[in-house]
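Labels run A, B, C and D following the written order; every chain starts at residue 1.
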Amino acid sequence: MSIANPLMPQMATILDITAETPDVKTLRVSGKDGLPFEFMPGQCAMLSVLPVGEAIFSITSSPTCRDCLEFSIKNVGKVSSYLHSLAPGQQIGIRGPYGNGFPVDQIKGKDLLFIGGGIGLAPLRSLIGYCFANRDDYGQIDIVYGARSPADMIRKSEVKETWAEQPNTNVHLTVDAEFPDWKGHIGFVPNYVTELAFTPANKVAITCGPPIMIKFVLQALDKLGFAPEQVITTLEMRMKCGVGKCGRCNLGSVYVCKDGPVFSLAELNELPGEY
Amino acid sequence: MKKMIAADELAKLWIRLAEKSTLFLPVQDGPTVLYQPWKDGAQVELEAFNSAISPKDIFLPREETYLHYHCSGQSLELAAVEDDRAVTAFGIHPCDLKAIEMLDRVFMEQEPADSLYQKRREKTTVVALSCTKPDPFCFCGIFDVDPLDAPGADVMAHLVDGYMHLEARTEKGKALLEEAGDLLENSTIDKIEREIKTTDFGLDIKGLPEDLKSRFDDPAWDELYKSCLSCGVCTYVCPTCYCFDVEDYGHDAEGERFRCWDSCMFGHFTQMAGGHNPRPSRKERVRQRFMHKLQYYPEVYNEIACVGCGRCLRSCPVNLDIVQAIKALGGEKVEHR
Amino acid sequence: MSTALNEKSAGYQPLIVAFCCNWCSYAGGDLAGTSRMSYPANVRVIRVPCCGRMNPMFVLRAFQRGADGVLVAGCHPGDCHYSTGNYHGRRRLSAFKRLVEFAGFEPDRFEVRWISSSEGDKFAEEMEQMTAKIKALGPNRKMRDARWQSVT
Amino acid sequence: MAERNLEQLEKIREAVSQDLLSGRIELLLGWEKGHYWWQSRPLFASSEGDLARLTWDSFCAVNLSRYLLDELKDHQKVGVLVKGCDSRAFNRLLQDNMVQRDRVILYGLPCPGILDYNLLAAEAGSKLKGITEENGQVILKTEDGEIEVNRDEMLMVKCSECLYPDPVVYDQMLLEPLGQKEVPERFKAVNELEALSSEERFAYWEKELSRCLRCYACRQACPYCSCRECFVEQENPRWQGRAYQPSENFLFHLVRAYHGAGRCIDCGECQRACPVNIPLQELNRKLIKDINELYGDYEAGVDAEKEPPLLTYRPDDPAAFSEK
């Protein structure tokens, strides 16, 4: 009997690369025949560029997109900067999917409040796309998205045009400070959430962004009366294996790469706060 | 099947076993004893307590290459590298074999199984050897290790009065003894009688894992870590530590990817590309290591991830070992406190 | 540096890496070239700002990746563009040379020379000598990384 | 069972407890007993209760000065018990601007050398239950009776060749100084290796370094390795690969040793910390020997005012290569 090596990547090809912001690019990646693997929103994949290394990224496309996977990647480290330097047509290694993904069944029938900051929109976008594709399963959708500046917003046209046009959907955009061409809301995401005064009844809030934003968003949601079970977030940790063995991403006995990265606030409250 | 061979004939057995497999034995290497592939002339030290590094690297090597890559232009080729050699792990002490069984749960039972580990484990015949004279740091007794018997062994061996007695426990073990059938005679002893005294350092670990569940923020952590030098000795000598890293070696056109040992005691272990580090100081890292042994692992597998081999007690340059930790966390018999 | 020359062919051609000071030896090499002096093609020149900038890891990395010999060339004492870089370099490289010899390298594998920008002839001569010495020693296996494959 | 001298310990305790109680120091770095009588481990004492655990015996091997790097972040003023080597380590850190002199009180403890338990146990033959010391002799108490051995022959490697048993810098000397030691054999191992051929030397180091686990205990225990980011962890360029290849082992150990050129205080903590007994001091001592030969006698850590030899030069310096 022979089992596959879970660390062995498969081949994938970069279809195209789009610059989103000065430091974020979106890569569209396909396997031999379309999707390299089936996945659920919120799951991640390991991308390999040899001999630079491997790093884990959340899949930003929805599983309903059948021809490729999309990754919105911020240039912060060795692998990400190398990925930024590649050209369409380049072959890379990929393995996955990793993690639990968002609880798409559990949140059926609920109103959804998405709160994203900067590159933190990437994992949310997968779920948002999934919800739009299964629109009848979910109630009203509110999307709060903020960035430091208008230039730092990813998927701008999609957010403004496609998402805002969806039925029973509101998009609320904000930037941290005044900018010449910005006519929308100005202020930090957590404050905007408070201002918008969302009501917790039959609602689930799903948030992702920089740690400092998440911290204050959680406080804001708490003040608005959201119970910990109604708040969902997704964590980012250093990972090497993706299969719960290498020892980096554990919170207590829970492995973020395997049992996460999606946790409800109620679950997180039970775990050591080492993230 | 019970066989025996005179201790001074053992070299013949090594030669035989090394013909068809890579034979790992505890070998004197300079001033240390390490499990190494046997070579003619190697000084085998079966009674040494204990090898400086645990024999875990027979199953989880310090370094193992698992893919080769070739790039040309934009195309990339990946080829899996497989290691199919048969292995005999000879002279594994009961504590170390128990530790390997703990690794089995992580690498084989917990999905997805790790094929590199599993293959090596399946290809290895383990000859366990009962202890004769444990050293002052051996404290396997408190972890229910029987120094005279390793239940998971393929062959259980005992050194008694100038003879090594070998009892096959599995099909693999039987095959091994048959392989060397002409060198062996029938064993003359039925049961091994030997009194082995190990220390318990006054520890009482009953209920410790459950107790620690709520003690992530215990003030004991604020003191315990202070002498830690942040080196990786404890994790590398430890038979139950298994953290690893994955790294590439090569240039633009070709090279390889390998996995190698890593240590949760290193500051860079959890450092993210953007600079954030969830375990930024020695305190978090020391807590991670001991909590993993004493609470996280038992929470999943119902057993403390320590076998009392004593290696961290012997090797830590500042004596910050697991016994020190258990004591600091209150796992001591009342009369010792 | 990633080129390992074919050692099995009859005429063994060693690979020599020369770290040359930008202000003197590198210009000395230039002069050798423009003066049509010939020196062996075995030498790969890497320009450094000063021999005082030499990091021991440069030397060891060259050996890891296929160099059979390493030469550091700097300005004659007293002539440093930065006044004292080569004086410091002399001490450091001396200590380092003895250390790598202690680790088992033959003394000729790692050399230091002073070559000024006007000494095109000396540059060519030193490269000639170094190449001959390394040819006599044969390929270096010490510290060569067994995994390093030549780029073909 | 292994107290060097209870009188000495009382004297030390009295001096430091005065300072701790008066607030002259916030923390004292000392030693306490480990699990066994042959183990003494670091003690971080901030109260009189902690001081009750203080020990001073023939097993206080750990060099405490290195802990200042962290403890001075949390404490304004720290007291340290320093043996000869610990005091030189302090000077090393001082010269590297890693500690401030006025925030540290050094209590000097002349040290006749740390005993090596493995040597004692080997000498004892049967089970060793304890020792006492008298007039340069160690009396081993074994199950089969007592055995007397010469103390100097039972020392750790790092101590048997120690030149400076007395602290070279201190605020208060707590015990009677022992005077400088003559160690004619200091470079014996280096000389022997130098006498070998290149091939033999390479084979020797390849074998010794092959045991290296890259646990970096040598670096972490070392008072000269105080860089905030070591070349080992540097990402760009990535000098040190993680593989256990001979080439990677050589890279690490040669560069580690070289970074100590003219800076290594020869305390031997690297070698003591090594779990697989690599003779690291031979690399360090090779550099000490060469630098002394080429650029004049220099003992790192002995005088914090004296400039390290690789930070300076003379126009007429000799070289280890042809300057023609």
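One rule holds for everything that comes next: a residue touches a chain if its C-beta (ideal position, glycine included) is under 8 Å from a C-beta of that chain, and two chains touch if they have at least 3 such contacts.
Note that the structure is predicted; figures quoted are calculated from it, not measured.
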Central chain of the complex, centres being mean CA coordinates: B
Pair with more cross-chain C-beta pairs in contact, given C-D and B-C: C-D
Whole-Å gap separating subunit A and subunit C, where each centre is the average of the chain's CA atoms: 51
Averaged-CA centre spacing for the pair subunit D and subunit C, given as whole angstrom: 37
Distance from the mean Cα position of subunit C to that of subunit B, given in whole angstrom: 45
Residues of subunit D whose C-beta touches two or more other chains: 243, 245
Two or more partner chains touched - positions in subunit A: 78
Of all residues in subunit B, the ones touching two or more other chains: 245, 247, 249-252, 255, 262
Touch list for subunit D against partner subunit C, complex: 190, 193-194, 198-206, 231, 239, 243, 245-248, 250-251, 254-255, 257-258, 261-262, 283, 286-287, 290-291, 294-295, 309-310, 313-315, 317-323
Complex contact set, residues of subunit D against subunit B: 34-36, 39, 41-42, 44, 62, 66-67, 70, 207-208, 211, 213-217, 219-221, 233, 241-245, 269, 272-273, 275-277
Subunit C to subunit B touching residues, read off their complex: 2, 145, 147, 149, 151-152
Touch list for subunit A against partner subunit B, complex: 2-11, 48, 50-55, 76-80, 87, 89-93, 211, 236-238, 240-241, 243-250, 252-253, 272, 274-275
Subunit D contact footprint on subunit C (complex, rising order): 56-57, 60-61, 63-64, 77-78, 84, 87-88, 90-107, 111-114, 142-147
